[in-house]
Amino acid sequence: MIRGLILFAAGAALSSTAAWMMTPRLLYRHEAQPVNFSHQVHAEKGGMQCTDCHALRADGSFSGIPTIAKCAECHSAAMGQTKAEAEFVRDYVTPNREPQWLAYTRQPDNAWFPHGVHIQRGKLRCEQCHDGQGKSDKLPLADVNRISGYSRDVMGRPGHPGMRMDNCIGCHERGGRHYACLDCHK
Amino acid sequence: MTSQTGKTKAARYGMVVDLDRCNGCGACMLACAVENNVPPAAPGATDRTGITPLRVYRYENEGRVVFVPIMCQHCEIDTPCVAVCPQQAVELDPATGIVGQIPQRCLGCRYCMAACPYHARYFNWSDPEWPAGMERALNPAVAPRMRGVVEKCNMCHGRWHEARELAAARGESGPVAYTPACVEACPARAITFGDLNDEASLVAQMARQNEAFRWLESIGTGSKVYYRSRREWVRESSRKEVNGRG
Amino acid sequence: MATVRRDFLKFAAGAGAGLVCSPLPWRLVGDSALWSQNWSWIPKTPRGEISYQPTACTLCPAGCAVRARCCGSQPVSLWGAGDPLCPAGLCGHHLAFHPARLREALHGNAHCRPEQAFEAAQKIVADAGSKGSVAVLDLRPGRTASILYRQHLARLGGRYLTVSPTIGPTLAALAHTADRGAVPAFDLDRTSILLSIGTPVLEAWGAPGRMLNPERKFKLWQAEARQSATALGAERWFRIRPGAETAFAAGLIAAIDGDRATLRRAATLAGIGEDELSAAAQELLKTTAVVVADTHPVLGPPAQETLRAVACLNSRLRAIGRPGGIIARAETPIPSAWGPLAAETPLSAVPDGSLQLLFIDDSTPGAPLPWKWIAAKLAPGAPVVTASWSRHGLARTSHYALPAIAYLEGLQDVPTPPDASVARFALSLPLVEPAAGAIEPVEWFGRLAGDATPLAARLKERAAAIQAGKRGAVRSHAGEMVAPDKLATADTFWGALVAGARWTDGPSRATLSTKGVSEPPFALEATPEELTVVPTAWFGADVSPLMTKLWVESDLKPSVQLVYLHPETAQRLALADGAIVRLETACGACRVEVRVDDSVQTDALEMAASHAWLALGELKDGAWRAAATRVVRL
Amino acid sequence: MAVASTLLTIPESRPVSDRGLIQRGLDRCPLPQFALWIAPWAALLAFGLYAAYLCLRLGLNQTNMDNRFAFGLWIFLDLTVIALGAGAFFTGFLLYILRVKELRAVIQSAVVIGFICYSGAVCILAVDVGQPLRFWYTFWYPNVHSMLTEVTFCITCYLFVLAIEYVPQVLRNRRLRQAPGALVFEFELHKLMPVLAGVGTFLSFFHQGSLGGLYGVLRGRPFAFREGFAVWPSTFFLFVISAAAVGPCFIALITALAEKLSRKTLVGASVYDVLGRISGRLLIVYVLFKTIDTLIWINRTSPSHGFPAHRFYQWIPFGTAILLAEIVLFGLLPALLLLRPRWRARRGLLLTAGALACCGVALNRFVLTIQTLAVPTLPFDRFLTYFPSWQEFGTFLAVIAYGVLLYSFSFRYLSLFPRERELAARKERS
């Protein structure tokens, strides 16, 4: 009897620990960004604001990740001496090729996050959702769920806010704000 | 799903369709399909398995003909489809009065279709398919649905989203003003859309006129899509008991 | 041994239990559900900045102003600027993706090099010389391209053919009454009653946004055999017998002239009461009324006799030359440098077997054109080269088919619509990349005539000619006036046009005379007693796969596989709903399914405008008519 | 390694026979004959599974359902099957709560039948919904106002209950009994039975009811809409009673069938009598309520919604005949047959009555599912008809086959009828 229990416990412990450790590796594809972009450098050396590149358009829509044209405004030729920049100019700016950026927090097709409304009406600041992103020196790997194809940062990871529906609802409920499915779903 | 707050004045978006103006050209049906990324007919589809969130019926009665555009009527008195959905994929948004259908939450049990007296709900019997390359011409404001879910008229919520963003950019508040695709498309200007709560609005005034009526009013689901006709027999037929075509 | 096995089972059970306590199984359940929201085979919507581009619709002669909603550079929906669009116009941006789109040059339905067709054509042109045996059939006349065809043909000594006159048969019948440089035009803004004889006014005549506008000034009276959408939408509907158009017009004339005998005869033929006809005539006389009998997209132009009667009726109603009736308008200026132009000939006027080479410009979707009709005109072995948007229709039957640049793919001009009282000019701008290998038909034919000037340059010349006239006004594409300085120089004018502005001419001082307008009597032959097939309203060009919404996924429009007949007719022929029948005429036969419908007349069968219908038809005084039909049960 | 080897070695080789698995004292046909009986059903199952696969892989365009007939053959038969399976809970209720001792003879069989019906129904539903992968949304984001939520919860829970009730019988199998612990476990479960029966009764009561409520609440469909008490429309209660009424009938029918096929007496005659009696009483109550409900609907509910009831019966073949058949031919008649002891005593009559009652319940479910959707609501829509595709039939046949197989195996290897051995012995003595 005792022997049995021990065996049982052993099996349980072994499998669960294994599963806990393996889960992230099994579930996510880790993809590297095409260019190692440093928000920190641009913010500190360049003294730039988020909105300089990630702006709201006149119609209130959010421009998202800037196009190469935006980069070319400053980097038509290399500004600094860094190898990274030189390569970027050579590979993308000069041939006017769009880098295939991987968006960490891009909502799936069926969800619509109106940046404008949150910034202008909700008075939200970028950091509140994209905490460290604006100051990061390196672009982390983009984790894409192998099954659902959704970004891990949207679904949320330990120690990262996450931008799942529950997160939206949680915030709206805390503020006692109204919300309905169609407010975000499209 | 919703927690209503008195912060912003609630809207009750509704429509009045003038049946005397409609000549059944079908522009609204196509505008609806284009706006909401409804796929072309799947192979073997019929008028019973097709997807037409807005469908114009040709109502022929003793030689007299009227064309009746039927879309989701956005009922507001214990809405039949909202009550029955087992997993809250349908809801009546008290802030807009729109009955919203969320295909991503839908299980595809089709109970809501059985519940809808207007047959205004459509099931995706097949995977949606567009001719090669045509996906580039899809409307970015609306996500295509997948096979096995129910869809219906959401009163062009994609346009509502954009209008709301624009309003926010302009610092406006209160219910946003926008126009659904069918309303913009109708060459006969047969459909009037607006906020029924706003007494001054044209739609509210027309809904109050004697010529205005609603289909199946007797069931008492309080639909927010009104119809109007000067023709007595049309108004009568909305009151008369069912005499569906055999 | 057994114990060992049992131990292992215990261990396995434990492992199972442990797994359940880990996130893995639960994440799998959750993610697989998310996957069902994100299937790779469901297309992703495009991303990009939303912008609105002005352009103009070239899908039909109405030429509505269009606001194209673009995501990035790709139009994702089209909307009317000012006036709304028709169903076809709403999905014009799908034309590029239409499954039927012709994407390669064909020779007898097999792939071929585009040059092949050109060389073949060049050879014939060289031999044919100027015997009028080279011809162009222009299915969308009135464009600058059409004028260029006429210029090239003048050089080649060829014929310029159209199915129906550019300005429409009703006005064409009065063309000789106008001063030089002017053409007749309807003055609908001041009309109080528009009497349409079989013209699909509310479906395919003039701009839908104007004709269906509840604020429009004039009342519409419709004389038509079918319960068409126009008949239903009209203020008054005279349900005449099929083929009794002439009789109806003649009846009204007789009523005005007080010719009792003719009135009685016409009334019986048309199936309308004498008193009703007389009353209608009196009412028309009282107001400013005008009569139109124009080309039906499917039925083609009305019979010659009908047109003579209509012209006469218009003069009886004193509509000719009167404001609110038919007035004279100046033609859109043409650069004098373009030299002589070939005359416009109706296809029906071409002697049979006389054409050595026929080039067909079929670059915009339209109602199907009967091949029998064209084939009759060809000399033995003469090739037909069709520049078409679609693989179906004429491209299938022609000897050579070339992929043509379609709506939104190239710079085109929008000519004066049939319902306009003054000349108009606007540009349809290229918003999408043309299909690979697609040609601009008129440029292709230009090369044949030794003129390689691109169409865009020609359009600019035309614009300069218009600007030189210094007449009229420039309006933004939404309709409001734009500062007059836009007309100051050719460049400012062109700039305005390219920005979507449209030019409208001012009122013309030209006049119409009523000389030479035909007079009674008109030949009134009795309409056939036996069944004839009438095509039901055409539901617009098949520009998008989404058109299925109208007749596959709903029963709003007649399906092409159905024939509709009145309950009595069905009873007489012992046919039930859903029966499969074979329709036979002297010209051909087709297989269709029966639908019983009270709205059909007892002596008519209705079916959708389709190749099936064309198979039944025959060419009768300049138009395509269905012959007496036998219904054979299958 | 050692473990593996022990797993791989076949215990001891003997001529192919399943004697060792069959309960002592029960004589069962030889294995080949049994295999012969199984084979066609197995084939049918395979065919059905293929049909189901088509529906899951290609979507529901494989069926002939459409936007009007959103529910079709599957839902109709699900409702019927679940109603017939109600015998399980009701017998349990009678035996363990009301202590009707005679029913101990059929309770095992009843549980198996119930298990088959419910698991089968759930499988069908998995194919019927458009997005089976999202099944758990109903539990995670439940809409408490929806009858379907109630149904889903109850059916799932009750399926567990049935499974737990089924397990001990499996454990009582001869070979499994060799494993110590199994016995203990089985014994523990056995003590649970009354509790389980109670829980089962409660759950079944609710979902049988909610299945009725499913239609009763459709205010958009005046043909189906019924008033009722509190949140439950009258159909809620009618379904409960009708299910309880036909449950015993169905058990009687299956038992008789088993006796016929196995050429054995499996239960005492008294059992049939009890089942018949109970059925009869409930059936007459059902007929009474159904009549009252129909009258109320005709005279008040339907007209108040602007739909004179007679309008619904103008469509052939859905005339008033169908209504009469449902109440009189398939309701009143069997009820009377079952109530009269002398008639009830005649096995033939009893079974006929039972069959009629079962048909009655099926007809009732059919009317609510199909006729409700067929009759037009808007003045300009059509009366439509629908015929299922072979995929729909196939998928359902799979469930039938699965049921036959599971019951056959249970009958062969478990003792579904406790008194079988004793009755057999008695037969030999006489």
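Order as written gives the chain letters A, B, C and D; numbering starts at 1 within each chain.
One rule holds for everything that comes next: a residue touches a chain if its C-beta (ideal position, glycine included) is under 8 Å from a C-beta of that chain, and two chains touch if they have at least 3 such contacts.
Since we're looking at a predicted model, the values are computed, not measured.
Student: Could you compare the number of C-beta pairs in contact for C-D with that for A-C and name the larger?
Tutor: Pair with the higher count of C-beta contacts: A-C.
Student: I'd like the Å distance between the centres of chain C and chain D, where a centre is the mean of that chain's Cα atoms.
Tutor: Here the centre of chain D sits 61 Å away from the centre of chain C.
Student: Between chain A and chain C, what is the separation of their C-alpha centroids in Å?
Tutor: 51
Student: Can you work out the whole-Å distance between the CA centroids of chain B and chain D?
Tutor: About 40 Å separates the centre of chain B from that of chain D.
Student: Multi-chain contacts only, two chains or more: what residues does chain A have there?
Tutor: Answer for chain A, listing residues that touch two or more other chains: 59, 61, 109-110.
Student: Going through chain C residue by residue, note those that touch at least 2 other chains and give them in order.
Tutor: Each of 6-7, 32, 35-37, 44-45, 47, 50 in chain C touches at least two other chains.
Student: So which bits of chain B are touching at least two other chains?
Tutor: Residues 46, 49-50, 57-58, 104-105, 127, 141-144, 146, 162.
Student: If each chain is a node and each touching pair an edge, is that a line, ring, star, complete or other?
Tutor: Looks like something else, not a line, ring, star or complete graph.
Student: Using the contact rule from the top, write out all pairs of chains that touch.
Tutor: Pairs of chains that touch one another: A-B, A-C, B-C, B-D, C-D.
Student: Which of the residues in chain A come into contact with chain C in the complex?
Tutor: 3-4, 7-17, 19-20, 22-23, 26-27, 57, 59, 61, 63-64, 108-110, 145, 147-150
Student: Per the contact definition, I'd like the list of chain C residues that touch chain B in the complex.
Tutor: For chain C paired with chain B, touching residues are 36-37, 39, 41-48, 50, 71, 74-77, 79-80, 83-87, 90-91, 93-94, 96-99, 202-203, 208-209, 211-214, 227, 229-230, 232-233, 539, 544-550, 552-557, 597-599.
Student: Flag every residue of chain D that touches chain B in the complex, lowest number first.
Tutor: Touch residues, chain D against chain B: 58-61, 65-68, 70-71, 128-131, 134-135, 137-138, 140-143, 145-149, 152, 214, 217-222, 305-308, 311, 315, 372-373, 375-384.
Student: Would you mind writing out the residues of chain B in touch with chain C in their complex?
Tutor: Against chain C, chain B makes touches at 18, 21, 23-27, 29-31, 33-35, 37-38, 40-41, 45-47, 49-52, 55-58, 60, 62-63, 65, 67, 104, 127-128, 130-146, 162, 181, 184-189.
Student: Quick check on the complex: what are the chain A residues that touch chain B?
Tutor: 56, 58-61, 109-110, 112, 114, 116-117, 120-121, 172-173, 176-183, 185-186
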